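Input: structures, listed below.
Shared chain: subunit A. Partners: subunit B in the first complex, subunit C in the second.
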Partner chain A sequence: MNSRTAQKPKVGIFGLTGCAGDQLALLNAEPELIALAGRVDVVVFDMAISRKEEWQGMLDLALVEGSVCSQRDREELEKIRKQSRSLMAIGSCAVWGGLPAMTAHIPVKQLNKQVYDDGEVFPKAMGAEPLSSFVTVDFSIPGCPIEIGELLEALAAILAGGEPQRIDFPVCAECRMAEQICLVQSQNRVCCGPVTVGGCKARCISYGRPCDGCRGPVDDPCYDATREMFFRHGLAKADVVDALRRFSTPAWVERNLAADFAGDPQRRGHHRSQTKESGT
Partner chain B sequence: MTTITINHLSRVEGHGGIHVTVGPDGVERCEMEIFEGSRFYEALLLGRHFEEVPGTISRVCAICSSGHTLCALGAIEDALDITVTPQVQSFRDLLNLGQFIESHALHLFCLAVPDYLGYSGVLEMAQYQPDVVGKALELKRIGNAIQELIGGRAIHPVNMTIGGMGRIPTAESLTALAGQLAEGLESALALERFIIELPIPDCHLDQAVYVALQPDGSNYALHGGMLAASGHDPIPVANFRQRVHESVVSHSTAKQSLYSDKPFMVGAVARMVLNGERMSGVAAQTRNRIIPDRPTPMHNNPAQFVELVWALSEGEKLAHDLSLATPESPVNTQVKAKKSAGQQALEVPRGTLYHAYGLNADGLLCDADIITPTAQNLANIEKDFATTASCWLHHAQNDEARLKHGLEMVARAYDPCISCATHLVDLTMRKESS
Partner chain C sequence: METFTLYREHLGQFLDVCQEQFRVQIPVSAGDGRYRFSPLAGHGVEALALEYHRTLLPPKKYFLLPEETICTFDQKGYHPVEVAEEPFLLFGLHPCDLHGLRIIDQFFSTPYADSAYQSRRKNALIVGLGCLPDDKCFCATMNTQQIMGGYDLFFWDLGERFYIQVGSEAGHGLIHKAREMFHDVVDEDRQDYLETLYQRRHLLTPKVDVADLSQIMEANPDCAVWDELGAACFACGACTMVCPTCTCYDIFDRVELDGSGRRCRQWDSCLFRDFDRIAGEVHFRSDRSDRVKNRFFHKEVVHVKQHQRSACVGCGRCQEACPAGIDVVSVLSRVHASCA
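Let's look at the complex of A and B:
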């Protein structure tokens, strides 16, 4: 985005299928939102502003939350991509597919049968997919919901013409900084902290419960050490994989964890520049 | 034949629209189309461990996330015969009140009121009515502050666990919260005149069959063992599914519900009709000034305001009492799995929420059923759309803008979940010869 243009950058905030929690998190941060509104021109905000007519022209930045769960979502996303210079996925649904992607390995017909008692009622339904399955994603802010400070820092960097800093440490790093007691080591509980990207200040562990992995996988989890630690505490690989499957794309889990915790994380859902560097 | 379509009733459970078909003999069909992509939440719970249920199901909806968490906890605890301590129950009640304050303040002032007054949204309204918007945002902040303190996070709370809770807030933080709630109550009462003067559109709606939980004691409350309905005897919550029938309609990925084969309405106005007499103090006075004798679904927004006042005053008392109580040590009950089934109904901002789960001997879910307030209201919303459209035919034929506005106001009154009624756009009218 060119910060030197005389006009304020045009920003759109969109929601595909999801709980709207990331837009709500933004709406809950009123002072920051008002400050932001002074720097950018919020053209679309699905949750907060009536869309009087379809917006015209290009957006400088589109923030998109939710996963792609229908053909309609896909068309909307492709339209947003076409009309935006940069696109940022906000929230774990947009970045990784999120919780709804947990059923990605079950045929849609079977899901329809289970939920609607009719396999044919919504034949066009599809499993949840992250944005990056369909369009190029320039920036990603994971979290369920997002941490508002992380989003604002990223926006500040982009408005200044730079790239947001990418968090490359796991939840465990912040957990140790806060001097919290490790739930794997002290209570033999499955905790997704070692393989989940940090940024939440290990909130759940501070309330005495293990990390659910809601922020999705960290770039470079130390699988061998992690596996060793889980095994030492009598935790089966299946339990760890099962816990991680909740919030991260099942394909990622299968590839990286089910195959005996081997291999590098796929860089899907992260910055375009990163994707190019990694050659995928 | 004329088909009137509101294509993007932006965000009813995310995404929905309205279709009205008018033929030579009047209104033929009124449908609230829900095309939110299916996320199959009930299916993705199957085979998962019961401990994961509250944190998974809260993700159905951000603004209702505390309600889903509390309802799921109650249903799992019912299945496993766990009773939480009175102190934990009080914290949970306070968390629910926080959700009521946040949700009602947000819906009423940020989403609904701009519609009544013709603003594009709360940002535009803030330029003209800074005092009202300022007070409303203060209330919303208090609701969030409660959820952050008690739930550990304003959206998707993390501090409630099966059988207990993780961290007990300090006495100081609870005292400070009680102070904030007292100030919030003053602000809310200062908004009463504004709410009374809101123009409630006359859409010629009938009173609905209202359904709400009947509190166990004599006070206004958000849980109870019996389900009350206007014109019917109360039934035990255990019989919920025998009375409320869900069905699948092809124009909506949300299911529809009937109560004894009739459309019905849950939510603030239903609670006000069935339980409003139980209110006391400032909330009762506000109720007497705002709610008419025979409220229709259009009075749901004023009823939300009465509940906002009630929740602030109730929350202040609860936070104060909890600040004086000796904190129990954090309860993390070792829960033993067994083959069982459990259910819970809870009043959440938009109406009665119902969760039921079945567990196998390993504690894995083999059955899950979630009936949300918005799904329960859908059939009644369609009925009220039909009434509005018939009225329009008689009184204002061909003034499409008036019909569109009427339909939007009906949808708005039901507050169909924030992922819900925010803005309604794109009325297209297709005229075909029949």
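Let's look at the complex of A and C:
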């Protein structure tokens, strides 16, 4: 993909179930989009180009947003995977399950009943899952929504034949670099910073709000130590679990993330193993 | 050595004079009993927090920026980035921070001079400020309560006036830009100054026994203390970000879509899992306890061997910053007690 004289790489941008916020973020980044169009052929863009007919050829890279919430999503994802040399999950729904997976611990039937008072509205609905539950993911850009700069840098690195920069430090580190006062220490608030992967420059804390963990967990999150820390600050377990559950439930509140990583020692694209351990 | 006094009410005027030539940085309150070094220009002299003990980030933030571009690149090659730093003046560094600055000065000058660091450093004037310890200071344990130079001017707060020591030509020059504000030292000033020193040294007693600390740590590297700490620490790296003597950084490229880009460096920490990742996804210290241990070993063993002194200056920042409440004084005393 790194030869500039050869044909431009073909890129498809797809959306499964989600709010389309990541595609929107990309659409809003106008100057960058123009630069991107100079380097690649965007042949599918679910949100921006109405699909007259299905793209049939091979893609060099598929960017996929949204989580898998239905049989249809799953089939579409599998099709995209077959058509693409590389696949990048964009946004926390695609990477971690995101907000739709917040209720992963409640059976879908029961959810249908609670929300629609009818168990049969969406007969093919499934609990939200990240892409990596079904296909191999080569690259991941987390965030709700994504940091557009991070996505473009990753694309640029891939186009240049390199690997995207992998962030592996928690939001706390950026929070300290930005010289913020810790909200756990100063206000006894639940903050997901210690276990959430950085890259947002601790945006929420800089606005006086604790981190909601929208970027999902760091590699090797220190769940026990973090929980201990909250308890020492007198915070209730339910509050802590609620906060952590919001964006990355399937990954690690309902299951044991460590076991997932054991199945993916490379941790490329945060693949997760198919085995569904029950965990902390 | 020259000494002068300055009446408290003239401090603002003096800083204004400094401001004509330097971007003056002062400690100001950040709320919640915390402080930051911030530009005087944005705050005014009323914001100067002479009572501060430690700032959230140490003075190193001015010299080793949290993130900076070290060069740019494009199809034509690499292009160095010139650091065009206007002269600035850091007002109010306590003795521990002067020691900390000296430690990182050494790191960034030998054996190779770091040009970005050096160009910022040589543009900076340093004004020290005497202090009395709080419960987190342990400079007396690390022997960094001693003032051993490294300042252009040093201020001692004697109440209605400051007792000022000149430490360099540049400091001398600063005084002489506003010479009419300063008074020659008389006997009474000298007595008050000595009295202040006397009070200070009686408050400064070592908090832990650190005798043979390096030897004990080295002799017993598998001491159980490290596993206990590894279980409590969540590897957030806050302790290293805020440390005046932690100098680790990562270098990486931020590439643009046209293939040009910036080579950046950003603060890094030996507590981060990625810190020691090498080709083939191999980690030297994949256990958190090994990473915590590394931090203390660097400060107390490796640095001692290389530079004949601990790299901890007892500022208490890591203790204040650690959300897990891991405090270095109790770590050192536990190591001393259980690993020996």
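Quick note on the criterion: the second predicted complex is superposed on the first by the 238 of 280 C-alpha atoms of A that agree within 3 Å, B and C clash if a C-alpha of one lies under 4 Å from a C-alpha of the other, contacts with A are read in each partner's own complex, and residues count from 1 in each chain.
FYI, a residue touches a chain if its C-beta (ideal position, glycine included) is under 8 Å from a C-beta of that chain, and two chains touch if they have at least 3 such contacts.
Keep in mind that what you see is a predicted model, and the values were worked out from it rather than measured.
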Combined model on subunit A: subunit C and subunit B, fit or clash: fit
Partner chain in contact with A:226 - subunit B first, subunit C second, else both or neither: second
First (subunit B), second (subunit C), both or neither touched by A:170: second
First (subunit B), second (subunit C), both or neither touched by A:15: first
Which of subunit B and subunit C A:197 touches, first, second, both or neither: neither
Touching partner for A:32 - first (subunit B), second (subunit C), both, neither: second
Touched partner set for A:186, first subunit B, second subunit C, both or neither: second
First, second, both or neither for A:44, with subunit B first and subunit C second: neither
Vertex subunit A angle, Cα centres of subunit C and subunit B, expressed to the nearest 10 degrees: 110
Lowest inter-chain C-alpha distance for subunit C and subunit B in the superposed arrangement, angstrom: 14
Common interface residues of subunit A - those touching subunit B in one complex and subunit C in the other: none
Complex contacts: residues of subunit A adjacent to subunit C: 4, 32, 35-36, 38-39, 152-153, 155-157, 159-160, 162, 165-166, 168-170, 172-173, 175-182, 184-186, 193-195, 218-222, 224-226, 228-229, 232, 265-267
Touching residues on subunit B, where the partner in the complex is subunit A: 8, 10-11, 14-15, 35-44, 46, 48, 52, 55-56, 59-63, 65, 106, 110, 114, 120-123, 137, 140-141, 144, 152-156, 158-159, 161, 166-167, 248, 250, 253, 255, 330, 332, 418-419, 422-425
Complex contacts: residues of subunit C adjacent to subunit A: 30-32, 34, 36, 56-57, 61, 66-67, 231-238, 241-242, 252-259, 261, 267, 269, 272-274, 277, 281, 286, 288, 321, 323-325
In the complex, subunit A residues that touch subunit B: 15-22, 24-25, 27-28, 30, 37, 42, 45-53, 66-70, 72-73, 98-100, 102-103, 106, 110-112, 114-118, 121-122, 125-126, 128, 144-145, 203-204, 206-209, 212, 214, 246
